[in-house]
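Structures follow.
Here subunit A shows up in two complexes: once beside subunit B, once beside subunit C.
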Partner chain A sequence: MAYLLSRLRGVGALAFLPVLIVGVVLPSPVMGQDKPRYGGELIFPVPSEPPSYDGHREETFGLIHPIAPFYNTLLRVDPRDPSGTKPIGDLAESWTVARDGLTYTFKLHKGVKFHDGSEMTSKDVKASYDKIIFPPPGVGSSRKGQYEVVEALEAPDPSTVRFHLKWPTASFLASLASPWNFIYKADILVKDIHWYETHVMGTGPFTFVEHVKGSHLVGKKNPTYWDKGKPYLDGFRAIFISSSSAQVAAIRGERAHIQFRGFGPADRNSLKASLGDKITVQESPWDCILLGAINHNKKPFDDKRVRRALTLALDRYEGSKALSKIAIVKEVAGVQVPGTPYATPPEELAKLAGYGKDINAARDEARYLLKEAGAEKLSFTFKNRGIPMPYEPLAIWMIDQWRRVGLNVKQEVIEAAAYYSVLRKGDFEVAMDFQCGYIVEPDLDIYKFISTDKNPANYGAYTDRVLDDLYVKQSRATDYEERKKYIRQFEKRVLDAEAHYLMTLQWHRIIPHSSKVKGWQITPSHYLNNQLDAVWLSE
Partner chain B sequence: MAINVPAETIAEVSLAPARRAWIAAAIKFTRQRPIGALGAAIILVMAAVASLAGVLAPYDPLATDYGGMLAPPSATHWLGTDAFGRDVLSRIVYGSRTALLVGFGASVLGATLGVFVGVASAYFGGRVDLLVQRVMDIFLSFPLIVLALAVVVILGTGVLNVTLAIMVPMIPRCALVVRSSALAIREMPYVEAARAAGFGHARIIFRHMLPNVMAPYLIMLTAFLGQAILLEASLSFLGLGVQEPTAAWGLMLRGAAVEFAEAAPWMALFPGLAISLGVFGFSLFGDSLRDALDPKLRTL
Partner chain C sequence: MGKYILKRFLLMIPTLLGVAVLVFVLLRVVPGDVVELRFMSGEGQFADPQMLAMERAKVGLDKPMWKQFLDWMWGIVRLDLGVSMWTGAPITEEIKLRFALSLQLAIMATVVATLLAIPLGILAALKQDTWVDYTVRVFSIAGLAMPSFWLGILMILGFLVIFKWLPPMVYTPLWVNPWQNLAQLIWPALAVGYRYSAVATRMTRSAMLEVLREDYIRTARAKGLWTKLILTRHALKNAMLPVLTVIALEFAFLLGGLVVTEQVFNLNGLGMLFVQAISHRDYTLTQSLVLLVAFVFIFVNFLMDLLYGRLDPRIRYR
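Up next is the complex of A and B:
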């Protein structure tokens, strides 16, 4: 089934059909077998507060968690899909893709109203996407680079929106399912394009009640919500608590139902031990991974034998088993989240440097390569970001692993706010880096690794035109198998043949929540499934 | 007539009174101030453990054992293991090196620089004294930990930087105390005589003033040692001090030790005890030393 769905995601798969494909919007989901119950207020702690209310501009879950319930997006990621990869309609009722893959036409639901009572039309969708893709000077749009493929969009009638692309791409639907792309009211944007930074007014299942900074944000049920029968909750209350132990205490004391970002394994165990069946634990691979950025401008790290030795020294399987008990990491992964359509299966992954099951052989090879490169007993400083979880345990583990092949590594922790300026300046030999996504999609996930002149966030500071070419090929591939082939080649080159970057372990998302919370499915991204339209409380 | 005396005998003769005097002083100190002697004993044990860490520690403090993570105290691991399977006892033993290195380094440097600043300020007086004291007042207006945090944020983490960060707030504290003693010494006839004899400033300060402020210097030094150990542990606990995988007591209290406080209390308990004991030892010894060296208190 997952395979079939993934095929359907590609434009090429769509082209197999004799007529234009119609995306059918399934009835909104409710997880579990129970009949949803109406009423109640969902209470959830949020570890950080929204810097503004504008989803187009911001990048933190601190905005998504409390603000997403007030909005709809054109598409969304299927809230029932644990892999978090399947786009379905939200305001879009259906869509068609032209045979050449260059035009996407979306039909919108009729009768959708903003919270001020006005009707939502294609004009609003166009105005919102114009703001995201073509922001005027002075207007922040964090993700406009992901829509470089869009040439123009139009609203030919009130219920139709059309996107014209510069080239066909397999990831376009996925990028439209971004949870950040709230649909705003066009008339308001015309009057004041910054209005949504300080105000909340959408078409979502909940309407805004109040936000007391540093304390809480409250939403109540939208009685005229367009998706009839939804939402089930009377309202929600987001409480802003930065301390992890205080969040756990709130769940333990049953003063809160759920925290959507995630807790560590120790907190999970203590909550389960103290609350038993009152706690339900959902776990998932997390679309976040810590990476070792190896500075190609510093000797001897310009030598791929040294870089290969660094990755060969890591026993990822033992690390996974051990670290998953104390940190929010678990799965051994390549460039895609395990279990998702383009992820390399474990038996193939084991052929890459540093992923083999025989760690002694791998470490022998690492020692040999270091000796050959004249870097035996190499000493260097590993720069790490000053955020404890999971940066600290991962760094201790990596340093220990490198020590086992004779490397002498010292750790230097840089305060979080200053960290990225150190990476950008290239003032490091090997440093911790990370990659997180809102949806598992190769275009978004492997963009990190292309040449530094194309992506300045590649802190390895290398130029590799073969990789760049493979990236473009996979992005434009319209056939699932073809795209998979290019992604595998890309992965082999970046992690094995050139060992440009080294992957540690995939983050592991752990959500221990009150068993009263129903209708919520964990996904690999903490940015997804926060609309709360399908969530209900059993008592 | 020449008398042939074996060289060993000369050495014995010349050293014996000094050793006897030292032992007598130690016995006297122990009898008169048993609490201070207890503090000194703790310090001596700590110093012995730090210098013999390689012999005393049952395991390599950096060696991980992922099969033995969070193991409770047992015959194999007397004080249990941490979240990476590292032996807690071995890390405490090696951690004493970090504590003493940073503690002694910061205290000796801070107190010594403070003495120079205090004596120079008192000796020159006038505008120099005014200016130096106002600068010292600015430093003193910041709590010790805040100033150390500021310095470590500027310099970065690591043993050397933490030592400097702890040293900086100690300079004005020592300078202030020493200056008050030095002001009285400056007016002494022998200093006046030295001036009249035409001796230079450096000679007067180094030969006549500094030796006479040694008592407050030693008192400040011992008082700072305990504080420095505590400060190093605090900074390391906050993630701003010594960095993993180096063994350090404050570092052992953070991260997994907090998360697993209920499931594996030994991870925090034993390093916490080590910090308390170390600071306790220096405080007891420092207080007694102050009492012993202060002539006013000596007569009471």
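Up next is the complex of A and C:
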């Protein structure tokens, strides 16, 4: 009855075949070295602190970095995959997908125990996902909207979980590999559904020791971890350090091994210069990007010629060369992170407005469009968020680029905490916007651009039903080539034909870490690979 | 005396109330709230309006402003500061965690400053317009010119480059491991204490110079009293009044004002908590911290006024 698409861990659904190919093509410099060594405590600074311990509710990496090691999820992203897009089983040993794509059945590992000694069963998985997808009144679930496709889930026996979908979708396995979807104990959730906001108790490779607020959080090895032989570390210590100079000093002074979010190029260079071979640097395109939100409610930005001129004026290739030396940006990208399955290849990307290699021709076109729209020598205010890196250098670069086509742009910097209020109220002409994903997946990455009435986090304030339709089509296309086709159409419409939004440069993630740290692979997401089960210290 | 103390305590109430109204209104005038920051920035594009409304109700932001204020005031009357809007933890717990570190650092910096400032200030006054005076003045002006956090950064870089060493990153209470505790706190205490001493040194010098020119000092000298006795019994006691005021006010400031220095040395103190609370738009925590710092300032002022009476017999309390 069920059509077997995958059997054991490491085998994804057919829709993810290209993912596997990418996984082979991209080099994996860190995994698969030497024989893991047991022992040691991994110390890492975390730039922000978890407001609560509930992954289903929170949105900050400040939760994922110190808390993920205490939990398992149903699926996870392969920690050896540098593209960070390949789902593999975590608590799920294998899974099958029905031929119509509407039923996903997962078989769970047996013998998995919670840290309190009780056995983990499908009842716990169901209760956790019920809390995420169908939260009862008074319970916050930040990513509930990502699971609209789920009609129901059931636990027919202790080692089986079944999801019933309303329509087939290509992204379902990826969304189950979300690092936020910790599996909690059903009995606890029944007694107090808020318990996990203030307590930590999972099935993960480490058990909770202590959290001193504002200072540090400690975990120690789970001696009865179900994945035999793991973890390698005796424990870990997350130190909360908000100042980036203090984080760099901690690595430089060998008081910490690694910081999982990322440092700037200058910090990488200074660490490498002072510590030499003691430092290993891993780099990757980062699934975060600053965007130019163009307010369609403000004239003349309701005119697509003006919007197109704004993107045509940007010399992204030269910008990349200059800015990557001083800021955490680098790759020229469309709506997908370069090097991932649905990313547009460079030669195709170059056909979009603002991505051509001939900047003079692009700027001539920009000037022509502005003249035609009656917006020659247009003056406007560009609102920017008061965060130095990389908002400040990128804004200065954009303003300079616009000046070259005759635009006169003034920057207004808004305090970081007040910024989203300005965007939400539409109190801007053009503003810096931001998007960051926990996994590279078109459903998550391009949702930002659908009409504002469907996604209020689209601050461009436009309605584009063609775009909305393309979003739905790509999301429901289970064939890789078909989905790719819709994503390309979507990209062309949002960045070129309508120029609704403009992309700056993809962020670039730089992790300079102690060379003692082994078994950790950088990915485009700073939310991934924090379970620490495969990480070990060479001395 | 008892009547005076009671009167001063009662006068604290309207002052603190004024501070409370001011901070309550100012916080709410600034755009953005804790829920928006927590659930709508970053990858929060999937947060639905119902959830945001529910979270706002949970932290009391759905209530009218006057009700929020009255709730807060009623809590204070019952000595209940409420819970942090960001973490949901009791505010007293959040403050207690950081208070020990901030208090210890303030005391250590005050000791460093006093040990430097008073002898140097007296010396500079006694040796006015000599090379000793000039050296002390250069030393104190340098302290005023250098921000303590900058001195802290230099210290850390110096340790890293020269000794390949860094102070511990995590606070250990004095009673748990004194060595570890001092290894972490002595450096910020020196950085802060130096700047603090610069102010006090200059104050000690000028106060001493003024007192040394007084008639009663001349009389004491004419009587043939020992210089040491003149200085300690007559000059220093009178010169100390403004110096103590400066030291006391700086001490109050140190309890909540070492924002950047705490970041440089990664100290989990009240200054850092202050910044986090403001940047998270954690109204309840920010309000309580402002009120705490205001209370410390008022209380220290009150103690200084009492001390004035002990040091200067001309002062009478009514």
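Things worth noting here:
FYI, the second predicted complex is superposed on the first by the 509 of 539 C-alpha atoms of A that agree within 3 Å, B and C clash if a C-alpha of one lies under 4 Å from a C-alpha of the other, contacts with A are read in each partner's own complex, and residues count from 1 in each chain.
In the analysis below, a residue touches a chain if its C-beta (ideal position, glycine included) is under 8 Å from a C-beta of that chain, and two chains touch if they have at least 3 such contacts.
Since the structure is predicted, the reported quantities are computational estimates derived from the model, not experimental observations.
Of the two partner chains placed around the shared chain by superposition, subunit C is the only one that A:Pro51 touches, whereas subunit B remains out of contact. Legend: residue contacts after superposition of the two complexes on their common chain; A:Lys325 is shown touching subunit B, with no touch to subunit C.
By the touch criterion stated above, A:Asp400 is placed in contact with subunit B alone, subunit C being left untouched. Contact with subunit C, but none with subunit B, is seen for A:Gly253 once the two complexes are overlaid on the shared chain.
Comparing subunit C and subunit B on the residues of subunit A they touch gives the larger count to C. Of the residues of subunit A, those at positions 415 touch subunit B in one of the two structures and subunit C in the other. By the touch rule above, subunit C contacts subunit A in their complex via residues 30-33, 36-49, 51, 54-55, 58, 86-89, 94, 97-98, 153, 156, 159-161, 164-166, 168-171, 263-266, 268, 272-273, 276, 278-281.
Those residues of subunit A that touch subunit B in the shared complex are 264, 266-267, 269-270, 318-319, 321-322, 325-326, 386, 388, 392-393, 395-397, 399-400, 403, 410-415. On the subunit B side of its complex with subunit A, the touching residues are 62, 64, 66, 69-70, 83-85, 153, 156-158, 239, 243-245, 254-256, 259-260, 262-263. Remark: subunit A residues 45, 49, 51-52, 58-60, 137-138, 140-146, 197-198, 212-216, 239-243, 245-246, 249-250, 252-256, 274, 415-422, 424, 434-438, 444, 447-448, 455-457, 527 touch subunit C in the complex.
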